[in-house]
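Here the chain labels run A, B and C in written order, and each chain numbers its own residues starting at 1.
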Amino acid sequence: MCLPMKKRQSKIDPVTGGSDIRPPVLWDSLMKKQAFENFIYGVFLLLGLITVGCVLLITVYLIISGIPAIREIGLFKFLFGKTWASTAKTPQFGILPFILTSIYGTAGAIALGVPIGFLTAVYLAKAAPPKVKAVVSAAVSVLAGIPSVVYGLVGMLVLVPGIRSIFHVPDGASLLAAIVVLAVMILPSIVNVSITALEAVPQEYEDASLALGATPTETYFRVSVPAARSGIAAAVVLGVGRAIGEAMAVMMVSGNVANMPSLFQSVRFLTTAVASEMSYSSGLQRQALFSIALVLYLFILLINAALNFFLKRSKEA
Amino acid sequence: MSDIITVKDLCLWYGSAQALKDININIPEHAITALIGPSGCGKSTFLKTLNRMNDLIPGVKITGEVRYAGQDIFAPGVDVNMLRKDIGMVFQKPNPFPMSVYDNIAYGPRTHGIKGKAKLDDIVERSLRDAAIWDEIKDRLKKNALGLSGGQQQRLCIARALAVEPQVLLMDEPTSALDPISTGKIEELASALKEKYTIVIVTHNMQQAVRISDQTAFFLLGELVEYGDTETIFSVPVDKRTEDYITGRFG
Amino acid sequence: MQPGISKKRRAYILLMRILMWLSVALTAGLVLFLVTYVMAKGLPEISWNLLTTKPSYLSGNIGILPDILNTVYIIIAALIFVIPLGAGAAVYLNEYARNKKLVAVIEYAAETLSGIPSIIYGLVGMLFFCSFLDMQTSLLAGALTLVIMNLPTVLRTTQESLKTVPQSYREGAFGLGAGKWRVIRTVVLPGCVDGIITGCILSVGRILGESAALLFTAGFAHAVHGFFEGLNSAGATLTVALYVYAKEQGEFGVAFAIAAILMVLTLLIQLAAMLVGRYFKKRRDL
């Protein structure tokens, strides 16, 4: 191959474009090569588009399978009905208990997990000696790796009995148990994303604050944290997404009864509503489960959009 | 004129490398003292020693004595935060916080416990006026400070430093990132500020040293080679190395 | 100079420091508690019999061999698909794509995928793979569901390491007259092996811990099969088995044994990810 680079890459028609005379055999192989490169390009393009395809697939399937039940039940009755009795003689499909449980549960997990995760992140990103930082960061990533069923198992055997005896309630499997488990489970996301945001704060801001006579601790909380606020907001939103989407651990500790949410009562989340009835459901009940998944999916899309917004802003800052 | 800062036999090491060697210097109040010398000569390190910003760097060892208003700044009882309140600093690169102009100025006073809107409003206006930027940005106090031009940002940083009512202002090449017009404004400002404050300024620009400073100290390889009246230093330097530097033979 | 900072400031600083320490202690303590509790409860329950037999209602025997095999099968099957798909998409984004809008769309899609809860993957996997493609409830259907789930992970890690392949390598190879594909095959792909391996390790960790997405796609069966036969039949992975033993059968001993195994594997995976990261970083810095 002794042809100059430029010719091969340019889009000049290979037959008429060049003026030099080439041996036809070489030319033929060049054309084949171009076709081959085009083919490879096509393959990679296809691979690149697969993620988009998957999102479309999921969206389309959820919409197609989720709409019929909503139509039959009625959107308002479905979303705001307070009773879920899918296997009763005259079944009722109101998912307000699930929606509210998911919202309360997530809010509780955030209220509990965010302060702890946030303060841990500030300490690790700014104040911790390197060794402490290495050890605790490793511990946090272990936390992130533990399977949700293990959280569920420990929750079932430690947390649920604990809540029962501390608060003297008949059954510890409750919203509170779910909140505690979720708070622990979202901790790693909050810590890690916040650390990334805090470490990106330019040293100059902190220097300026120290030079004004602020102490290091004051500087972290009054300059570094506000400067990293978009990133920290992203951490919180990520935590919301994790909490609202968790199914198995919650199923194991929340008692799984379709009550309106209350701290010490057994409850059912959007996720667990789908998971707990899917294996034996049929007909309208099954379709209603798909509708629940669609509602959950819409929540997630909303959260993703918020996450993207904050991540973008944090990158710009 | 009395000396506000006196330095005796100051040595400083970064790990095993000695960055400052037996520095002895007295800095008079209500004057501008310029620190000049080639890059890496220790002038910035020296400046940062005066408000103990070097404490932040791991592995730094300091011997000798620095007295501010008669008080040894390395004495165990000294609160470094109070020292930095008295000895303010302006950095090479303008570094306003990513907050509003108002919050930038109010940050220092708030940190030191000043509350009340009227009081803060007053401090903000006074500081911005002292930094000669009030007229330019009085309508944009609630806007994010990062939206200002580089020169405005630097004057904002000066105003922010003034807001905690320091006695001394350390300036670490405050104009090196600015255009000539902004540089001129900062120089004018520095000259005006010496009525109320003592200024120590590190500069790469010898014209700048001549234009604004009363004393000049020439640093080389961690040593203070020569120190005296700016006029004397630049007209009849005693040391050969000073002469070589100011005549541009190295640098 | 004033002697020191005010009492109020001192109190604020002390308070914030105490809160930070408490949070860190709580976080670290939680991890310590979880690991030791699960190990203490689970390790004594692990026996040779448990690891090498299958459960039988007739003899009352409980064994998790099928679940171990299922987990291994599903990991292998998922990786076989996810590596080329994820790495290929990353190569497209980094090496081929010129259209910025398309890149943004693909990246947004990947971000969306990584935010979707596993229960939704399970549901769509059930509808698409099990029903529409008629795979029934099978390990293969489960594995393919997990492929979609882990696609963004492999995509992202590969993309990150592609960005570290110096542009000069590509230019050098092009300068020698190599075609695009040849440059990618010989210069770009070898340069991003670390990203692919990191992506695989992370994916293995996620697959190992996944349960909600497998409930309705891979099922609950506990039969011992070979690899290909296994892929076509239903089967519970370790996590699903843990769930079933704990929640539906009340066999907490077995559940803890599985939990301990999962915990050890999780720790090993963390360690592997860390070591691989360090190894490749060292090699790159040389």
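One rule holds for everything that comes next: a residue touches a chain if its C-beta (ideal position, glycine included) is under 8 Å from a C-beta of that chain, and two chains touch if they have at least 3 such contacts.
On a predicted model such as this, the values are computed, not experimentally measured, just so you know.
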Per-chain C-alpha mean nearest global C-alpha mean belongs to chain A
Most contact pairs found between chains A-C
Chain at maximum distance from chain B, centres defined as averaged CA atoms: C
On a C-alpha centroid basis, what's the spacing between chain A and chain C, in Å? 14
Determine the centre-to-centre distance between chain A and chain B, using the mean Cα coordinates as centres, and give it in whole Å. 48
Give, as an integer number of Å, the spacing between the C-alpha centres of chain C and chain B. 53
Shared interface positions of chain C, touching two or more other chains: 5, 9
Scan chain B for residues touching two or more other chains and write them down. 81-83, 85, 111-112
Two or more other chains in contact with one residue: find those residues in chain A. 215, 218
Residues on chain C engaged by chain A in the complex (per definition of touch): 5, 9, 12-13, 16-17, 19-24, 26-28, 30-32, 34-35, 37-38, 84-85, 88-89, 91-93, 95-97, 102, 105-106, 108-113, 115-124, 126-128, 148, 151-152, 155, 174-175, 177, 179-181, 205, 208-212, 215-216, 239-240, 242-243, 246-247, 252, 255-256, 259, 262-263, 266-267, 269-270, 274
Chain B contact footprint on chain C (complex, rising order): 1-6, 8-9
Across the complex, what residues on chain A touch chain B? 202, 204-205, 207-215, 218, 222-223, 226-227, 317
Okay, in this complex, where on chain B does chain C touch? 68-69, 71, 77-79, 81-83, 85-86, 111-113
Please name which positions on chain A make contact with chain C in the complex. 1, 3, 5, 8, 33, 36-37, 40-41, 43-45, 47-52, 54-55, 57-58, 61-62, 65, 115-120, 122-124, 127-128, 132, 135-136, 138-143, 145-150, 152-154, 156-158, 184, 187, 191, 215, 217-218, 220-221, 241, 244-248, 251-252, 271, 274-275, 278-279, 289-290, 293, 296-297, 300-301, 303-304, 307-308
